[in-house]
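Let me give you the structure first, and then I'll get to my questions.
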Amino acid sequence: MAEMTMIEAIRTALARALEDDDDVIVMGEDVAIDGGVFRATDGLVQRFGAARVRDTPLSETAIAGVAIGAAAHGLRPVAEIQFMGFLYPAIDQLANHAARLRNRTRGRLGCPMVLRAPFGGGIKAPEHHSESTEAMLAHIPGLRVVIPSAPAKAYGLLLAAIRDPDPVVFLEPKRLYRSVSEDVADDGAALALDTAFVLREGSDVTLVTWGAMVTETLQAATSLAAEGLSAEVIDLGTLKPYDRAAIRASVARTGRCVIVHEAPLTAGFGAEIAADLAEHRLTSLLAPIRRVAGYDTVMPYLRLEAHYMPSTARILDAVRSVMEFA
Amino acid sequence: MAEMTMIEAIRTALARALEDDDDVIVMGEDVAIDGGVFRATDGLVQRFGAARVRDTPLSETAIAGVAIGAAAHGLRPVAEIQFMGFLYPAIDQLANHAARLRNRTRGRLGCPMVLRAPFGGGIKAPEHHSESTEAMLAHIPGLRVVIPSAPAKAYGLLLAAIRDPDPVVFLEPKRLYRSVSEDVADDGAALALDTAFVLREGSDVTLVTWGAMVTETLQAATSLAAEGLSAEVIDLGTLKPYDRAAIRASVARTGRCVIVHEAPLTAGFGAEIAADLAEHRLTSLLAPIRRVAGYDTVMPYLRLEAHYMPSTARILDAVRSVMEFA
Amino acid sequence: MASTQAIFPTAVAACLDAAGHPQGKLPDFARDRGTLVAMYSDMVRTRTFDAKAIALQRTGRLGTYASCLGQEAIGVGVAHAMRGDDVLLPAFRDHGAQLVRGVTLEEMFLFWGGDERGNDFAGPRRDFPVCIPVASQLPQAAGVALAMVHKGEPGVAVALAGDGATSKGDFYEALNIVGAWHLPAVFVINNNQWAISMHRSHQTACDTLAQKAVAAGLPGERIDGNDVIAVRDAVRRALAHARAGKGGTLIECLSYRLGDHTTADDASRYREDEDVRPHWKAEPLVRLRSHLTKAHGWSKDEEDALLRGCQSQVNTAAERYLAMTPEPPRAMLDSLFATLPEDLLPAARELDDG
Amino acid sequence: MASTQAIFPTAVAACLDAAGHPQGKLPDFARDRGTLVAMYSDMVRTRTFDAKAIALQRTGRLGTYASCLGQEAIGVGVAHAMRGDDVLLPAFRDHGAQLVRGVTLEEMFLFWGGDERGNDFAGPRRDFPVCIPVASQLPQAAGVALAMVHKGEPGVAVALAGDGATSKGDFYEALNIVGAWHLPAVFVINNNQWAISMHRSHQTACDTLAQKAVAAGLPGERIDGNDVIAVRDAVRRALAHARAGKGGTLIECLSYRLGDHTTADDASRYREDEDVRPHWKAEPLVRLRSHLTKAHGWSKDEEDALLRGCQSQVNTAAERYLAMTPEPPRAMLDSLFATLPEDLLPAARELDDG
């Protein structure tokens, strides 16, 4: 066990995967000698060589396409897109190929690739460096979308993603890269995909979130506890396919649900969760389902960024409104 | 007034726009001499010349990017992506530029472009020719997403989209291109964007849909009427920003809602509508909100396609289940 | 600079002229009657399949189909140059290549008939299925080549694409990474002069498509794509080059799309019959047959037997395809993931019941 | 073929050598002292801005910033060759070009300080804002050029991009459409040898970036990007070519990124000081100053006055920027659409209240 930040946990998982399986390769812009712009791959090229840790030319379409071809031919590529804002040119390859290859060949060719990308705002980055477009990816059938919220989860989920026989988009909340650390055992144990994590049990209201927003959501839960309100906090972990059962079960008990995400409200992934509950847990609901989300606008440049990000205060307001609802 | 199919109405609107405004240009693959693979632009090059009706090289990124540059510099480009399955390479330009240009220049440069694309299945087309990824586009802040469901709407909404000062993705349900005709007045009158259409009034249940699925939804409403059930049918028309007020008002009256779309269920646009109701009309709801949608899989090749498409029978099942709910 | 200057000769390499006369000394393999007959037979089989596919589509028994009429030499030449341990990444008009690689006629009918089982080839298990989004197979070919290098396999990834495909960013990004990483990948362009209604002359201001290799620092070549010997020879050389660790090649094969773009297209909207007619003189089957007849005594009987054989193979395959019941509806879920996630169980149940 | 062969000379065009000695006859404009002083002053102003921006970033008063140290000649040379009716589409390292075009120092601080008002230039109203997604400005430049043709305007769209950008599909698709449509667009590549940590030699197997123009049938040129006279002259010629209806040009300017990629980067991770040092000898300011001194009697006093002037301009602009209050939160909605849709009213109210 060693105390690690999320970036260290990711690096440790990558090293473990490279160590365990010769078919694993790491590729992306600046992942080799530079160790990745966030240092997720620091030291890997020195340890595993330039054939397995590869700097790519600046071409996201090719990064995704090469990963697909390599995966279909037996490798397990872990490709990095430097920031999620630059992932769009890879979507064609992801949606039209990675997500379909197994299905359209009726299982003959698989696509065991991982596409990593740091995502989300709150680090005062330049324009286009703060997107959260997980909902777009989660709409693509055949793709898994996995988002860790803490170092140990990052380690275990990344190993699971790499070992999974199907394509996984692994989105890393960059705001958490260095903001928290915890003990992580480099024991090669993967965590289960498609399974939500209950971060905190509670009985009055269910708070559902993922990625960096766990921070504000847990803060809100702590504040609520001080007021005598017991909030259950669920971290999705995997967005697609997500653990509907866990959320339904929780809301069946609490009767109230607030969903928190940083991405814009409209057609964000929170909508899916609310819609599922409105179909399957309507009679359990004691209050409207509230979504606390980014506004339906472009992430502002850094001077206004803080006003865009869902805050603990906004979460608390939403929780209070559902608690007061009668 | 002349009876027109949807494809004729679109062509008529394009001709009208080209006629009215010299800044309007039409561009895309095969739009000139071939008149577009669906003939939406048939005859336009003969009438308006090759400078205004332009065949592009086979490059969707460039099509979108050129449209943006031209729009920002004063034209009103109407660009065509041949099939929605080939729109992905244009998403980077749409999301990172078209949708942001006005905002990031605080209004200095606008982007009055329209990107047309036929979408949806049900015509037994080859692989990649049947997608419905409107939810991905509707999640992008700053973009309008408009979907007509009948010839006159296609005419009026397309004119509105072309005249709108902001970027519009105009998705044409290709299954309807020639399947219905109605009287359309080529009077240059645009229809309001962002406004839903009530296709049929009713009091027992609200059916919300858009695009080609209006067909099955109206069929379902007719069947229900025969059973003595009164279904209100709402056609969104504009998906982003959509007419939340119209849906909320309808559901406030009916207390029941079934949403129908062809795109895969998870994180489809139906989720947004259900989520909005679960927040703002929870107390009006007499039954769970049901979504009748495509399965969370890749649109199958043509032999199984019919099993994928939401059918009138599936809609009826859903409506019955919400009516029987007590 | 050497590599990039090599392409500048605009001359088009050919082994036979349109009348089937050898142009200089033929490559070794092309002096063997059996080899030539095999290639000729594969071209005839491809054309027979093509005609049948169109007929089935016209009678509603096949989906939209892309004919390769007049371009048989490219697919057949490419695949004859390849080895079993190479991998083919075809576009949607490369029926000849797929057939030679071992995809069965029945599998091909299945695919074009709208049945995913058509991509589950019993034969070339590692070949890619037909690629519809233009040029998107090319980065994947680079990826296959990377995997081959990584695993120490001696194979080469061979991708086919059209002239229109060379305008896509994917084409260029893929070519560039093949160059930068020195990958064993060969891109063969079927320059059939048309991308649906767009003539090659409007697709790009380039005089040749081969010269696009210059942008990636790779060698580019121009080949007469109606000459199956020349195609095979050029691909053979490119494969040897790649196998020797010398990297990729771009090969432009000049041909002509004698038919419509697909069965959904009507080429008379954008080109005249007179434009097409001369190209019938250069088409690949006649050319090789003339040569076979003149140089190898290919007889009328042999020809008739071949035609009959192809016809009966194709008919049998078509009948088997037509007789094959579609998969059950839930097949649309079964191969989406290696293991069906729980999330999809309700849909699976619905499909089972429905 | 003529157009494409033109680029093959790998020679790099320069007007001054590194010591500031003219190489042959200088272009006309470069014989005028005032013109040279103006260009020199703009380079010094750019470098002063650059240093101040880094200092502000280091003290937490500016966002991540991309220094153009050593590459001032490219932006300044390009913009000096342009006219008011041309349109500039800059990347993120083209501060010199923006300044010469009339973007104010204050606007530039605002932009890099994270305030969208920095893109609402009072000066070159039709110029594009800084483009962050690499190469995505290039198709847009083709679009601007198309609009100019359509409207009968005499302008040319000029886009700047880096060596890394030439690997993106966008670059190639844009170049190809400029060629195919014969558009008045000039793409200038700042080949500063690095794309973050990737050296140019790994970015592509090409010997030159200029040769990538061959893939689009366009002329390509290589210029010494440390020589502002050569840059301006090459761009001037390309603009005249485009304005005469002869189409686009790709210009590769060779320079060197003397600083880190951005303030978030640490170049010592991937390159040695010894690699960088020689490039200081070739940097553009010293070169033009030497020439000005030798050929035009540029004096120490003039130099000092210029430095002081730039410093004070930059300091004043920085102070104004720092004193400027941020926009109110709801500004993030106000310019999203020409008219705020009703859908956004609740968000607007929340932001107003919050």
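Going by the order they are written in, the chains are A, B, C and D; count residues from 1 in each one.
Quick note on the criterion: contacts are C-beta pairs under 8 Å (C-beta built on N, C-alpha and C of every residue); 3 or more make two chains touch, one makes a residue touch a chain.
None of these values were measured; they are calculated from a predicted model.
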| item | value |
| --- | --- |
| Comparison of A-C and B-C by number of C-beta pairs in contact, larger one | A-C |
| Chain separated most widely from chain D, comparing mean CA positions | C |
| Computed distance of Cα centres, chain C from chain A, in Å | 40 |
| Averaged-CA centre spacing for the pair chain B and chain A, given as whole angstrom | 30 |
| Chain centre separation in whole Å, for chain C relative to chain B (CA means) | 36 |
| Geometric centre distance via CA averages, chain D-chain C, whole Å | 44 |
| Residues of chain B whose C-beta touches two or more other chains | 57, 59, 61-62, 85, 89, 92, 96, 103-104, 127-128, 141-142, 241, 266, 295-298, 301 |
| Of all residues in chain C, the ones touching two or more other chains | 116, 133, 167-170, 173, 176-177, 180, 202-204, 331-332, 336, 343-344 |
| Complex interface listing, chain C residues touching chain A | 87, 89, 116-117, 119-121, 125-126, 128-129, 133, 136, 138-151, 157, 169-170, 173-174, 176-177, 180-181, 331-332, 335-338, 341-344 |
| Of all residues in chain D, those that touch chain C in their complex | 1, 4-5, 8, 10, 167-173, 176-177, 179-180, 182, 202-207, 211-212, 214-218, 247 |
| Contact footprint of chain D on chain B as seen in their complex | 23, 25, 51-52, 54, 56-57, 59, 61-62, 64-75, 77, 89, 92-93, 96-97, 101-110, 141-142, 164-166, 194, 241-242, 244-245 |
| Contact set on chain D toward chain A in their complex | 63-64, 92, 111, 113-116, 130, 132-135, 164-165, 167-170, 195-198, 202-204, 264-265, 269-270, 326-327, 329, 331-333, 336, 343-344, 347, 350-351, 354 |
| Complex contacts: residues of chain B adjacent to chain A | 61, 85, 88-89, 91-92, 95-96, 99-100, 103-104, 127-128, 133, 135-136, 138-139, 141-142, 240-241, 263-264, 266-280, 282, 285, 287-291, 295-298, 301 |
